[in-house]
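By letter and in written order, the chains are A, B, C, D, E and F; residue numbering begins at 1 in each of them.
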Amino acid sequence: MFSITVRDHIMIAHSFRGEVFGPAQRLHGATYVVDATFRRADLDADNIVVDIGLATRELGAVLADLNYRNLDDEPAIGRVNTSTEFLAKVIADRLADRVHAGALGEAARGLSGLTVTLHESHVASAGYERSL
Amino acid sequence: MFSITVRDHIMIAHSFRGEVFGPAQRLHGATYVVDATFRRADLDADNIVVDIGLATRELGAVLADLNYRNLDDEPAIGRVNTSTEFLAKVIADRLADRVHAGALGEAARGLSGLTVTLHESHVASAGYERSL
Amino acid sequence: MFSITVRDHIMIAHSFRGEVFGPAQRLHGATYVVDATFRRADLDADNIVVDIGLATRELGAVLADLNYRNLDDEPAIGRVNTSTEFLAKVIADRLADRVHAGALGEAARGLSGLTVTLHESHVASAGYERSL
Amino acid sequence: MFSITVRDHIMIAHSFRGEVFGPAQRLHGATYVVDATFRRADLDADNIVVDIGLATRELGAVLADLNYRNLDDEPAIGRVNTSTEFLAKVIADRLADRVHAGALGEAARGLSGLTVTLHESHVASAGYERSL
Amino acid sequence: MFSITVRDHIMIAHSFRGEVFGPAQRLHGATYVVDATFRRADLDADNIVVDIGLATRELGAVLADLNYRNLDDEPAIGRVNTSTEFLAKVIADRLADRVHAGALGEAARGLSGLTVTLHESHVASAGYERSL
Amino acid sequence: MFSITVRDHIMIAHSFRGEVFGPAQRLHGATYVVDATFRRADLDADNIVVDIGLATRELGAVLADLNYRNLDDEPAIGRVNTSTEFLAKVIADRLADRVHAGALGEAARGLSGLTVTLHESHVASAGYERSL
């Protein structure tokens, strides 16, 4: 199984609901350094997993819709706790939609899976893995 | 599949038995930077994998029993070679016991798996992965 | 010249005023991984720069006053742009006050300088360096 | 499942064929920081996954055949695009051959899998995973 | 003294002349992860060291002239050994020229110094520090 | 001012004397990832700061005398607290002796300074800087 990983980041504000979150119930924020990993069993005709330029561009486009925002005000995602692991799924699903729509190139239809990992500090990260 | 990872560290002394270990047969030591990854298929009612505060506290509690010690003197683990990969299993199994005992919260009973990785230098690490 | 560095982090929300900040004028947030470096010409009677336990505790105490907050609402610092470099100075000056007040131990009065560095993503950081 | 990972690096020149590669069609180069991960279900008689000294030596030997070279001139691999993911497979397969030939010790015959990851910058990496 | 640091990277081919370089006399290559640090004694009217957007853009522009190239063929720099430390100076001097030409904004004329560090692997880096 | 940095590591056991050290008074251990930075104002005839091969070899030789040992048993250094900052000075001074003895090459006599930094975990490091 082959894979490639590209990295970008977002800086957002949000708050959490529920005693389990302690002081994180207050409005605060985070930098998420985001790794998107694309997997497939065999390489394409160019001997690659996916065009790394398109993968980087599409990850950037997905992140641009979240970046420099207060997620509490985003109706598409703000009604639930926007935990790191939940955001990993939001980003992974939006990337999967773009793969299926052809935005990462025709050859990218041969991708079999996708993992998104968000590093929120030097001591914590979260991720979501799915098939394509 | 969702996951979260928390990080802590221990600083221990130990020695190894067997020619394969070369100069590491002498009493020496290591810092292990420890990553514990918790996995589950679906998020809990708070939209998280596990309470990250409890996960951090329980990892710290497991590590406190090993930290600042000469592992050669620890009867529970010192009779075998306390290799990095073996210590990863010791820590993972003790964390699993705490999950099963409810120390990471009731919702943590929905966790499906656990991986512990120990980084022993900038060029070597080891890990152990298990189900819950 | 000797030095030691300890690391911790904060997660805050804030916004900026001024066209130079582009989309960062919106309410957003950041994780700052904070390194505090203490310097002195000679080691103390314990053969150390400063008690690393106290240095870690006092850095944590300084950061606790900023952590999980919207800095726009903090009267002590929120009336100016809370840029990364400005926050580095806020943290360094508060640490210096604690050194001078004896919170890092009597021997810490021999410290000659202090640098605080805030890592805000995998591609950007800022710092402030001062004497003690 | 247990694992250990060892790290080394190579510095190579190469060029790519195909419009998808843009400016990387020109002769350029890369540092690849290479992680080789070895996996097995149970530890060997020494309580380890594999002799880390032999694993490091054999990874170094495989990399020495690629290091400080223009891959376009290497007949064994230069006729295709030597993408990061393709090189991960080349290195993994050569390591697997060495495992099967006994170069990592007799006990290494109990290894069940191998992953090679190449980090090419702070924002991109690629990997190849296989069984043994 | 305040500072900010921005990061980008280049991937180049080159070779060295001189026995001291051993196998690096062959045509090979490197990824350089480049950190540019800007320093000044006081913050500007926006409470920052320099516009981080402009700093990132101008670092990118300087690197674009080197990226995806065989440095042996670049007449402006290829007649000497393009060591990591020498390239750090090339990049720092070109950034300094852009600061002086106003490309980082009028306020950037208040910058007092600049350091460029090139990370060439997980075990080696080089840098050049200058005043402005 | 130019610089190059090379990295290696050691794994040692030791204990501390003094209440300030808390549980670290027990026999324990550490991995120190060691960075040695060499500085000079102008490059040598090969356009480098120092032969990176020799710098790496000599750092390795200095570290070999400490590696895989219980520092409490080393008469040359064990009678004081072998704190991270103290060990940084031990290593820096031994490297300086080797520079002065010509072990890093004749051109290395032009070096003006040296910094040694020891990373002992993901949250702590210490260093020593001196002239040559």
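Annotations for the structure displayed:
Throughout what follows, a contact is a pair of C-beta atoms (placed from the backbone, for glycine too) under 8 Å apart; a residue touches a chain by one contact, two chains touch by 3 or more.
Quick caveat, the model's predicted, so the values are computed rather than measured.
Chain pair with the larger contact count among A-C and A-B is A-C, by C-beta pairs in contact. At the interface between subunit A and subunit D, under half of the residue numbers involved are used by both copies, so each side presents largely different positions. A rotation of 120 degrees, rounded to a multiple of 5, brings the CA atoms of subunit E into register with those of subunit F. The most distant chain from subunit A, with centres taken as the mean of CA atoms, is F.
When the contact pairs of C-E are matched by residue number against A-C, E-F or D-E, more than half turn up again in E-F. One inter-chain figure worth recording: subunit B and subunit D are separated by 27 Å, centre to centre, where each centre is the mean of the chain's CA atoms.
Centre to centre, using the average C-alpha position, subunit B and subunit C are separated by 30 Å. Within subunit D, contacts with two or more other chains are made by residues 7, 122-123. Against subunit A, in their complex, subunit C makes its touches with residues 7, 9, 11-14, 23-24, 26-33, 67-70, 120-123. Interface residues of subunit C facing subunit F in the complex, by the touch rule stated above, are 1-8, 43, 46-49, 51-53, 56, 105. Within the complex formed with subunit D, the residues of subunit B that make contact are 18, 20-22, 80-86, 88-89, 122-130.
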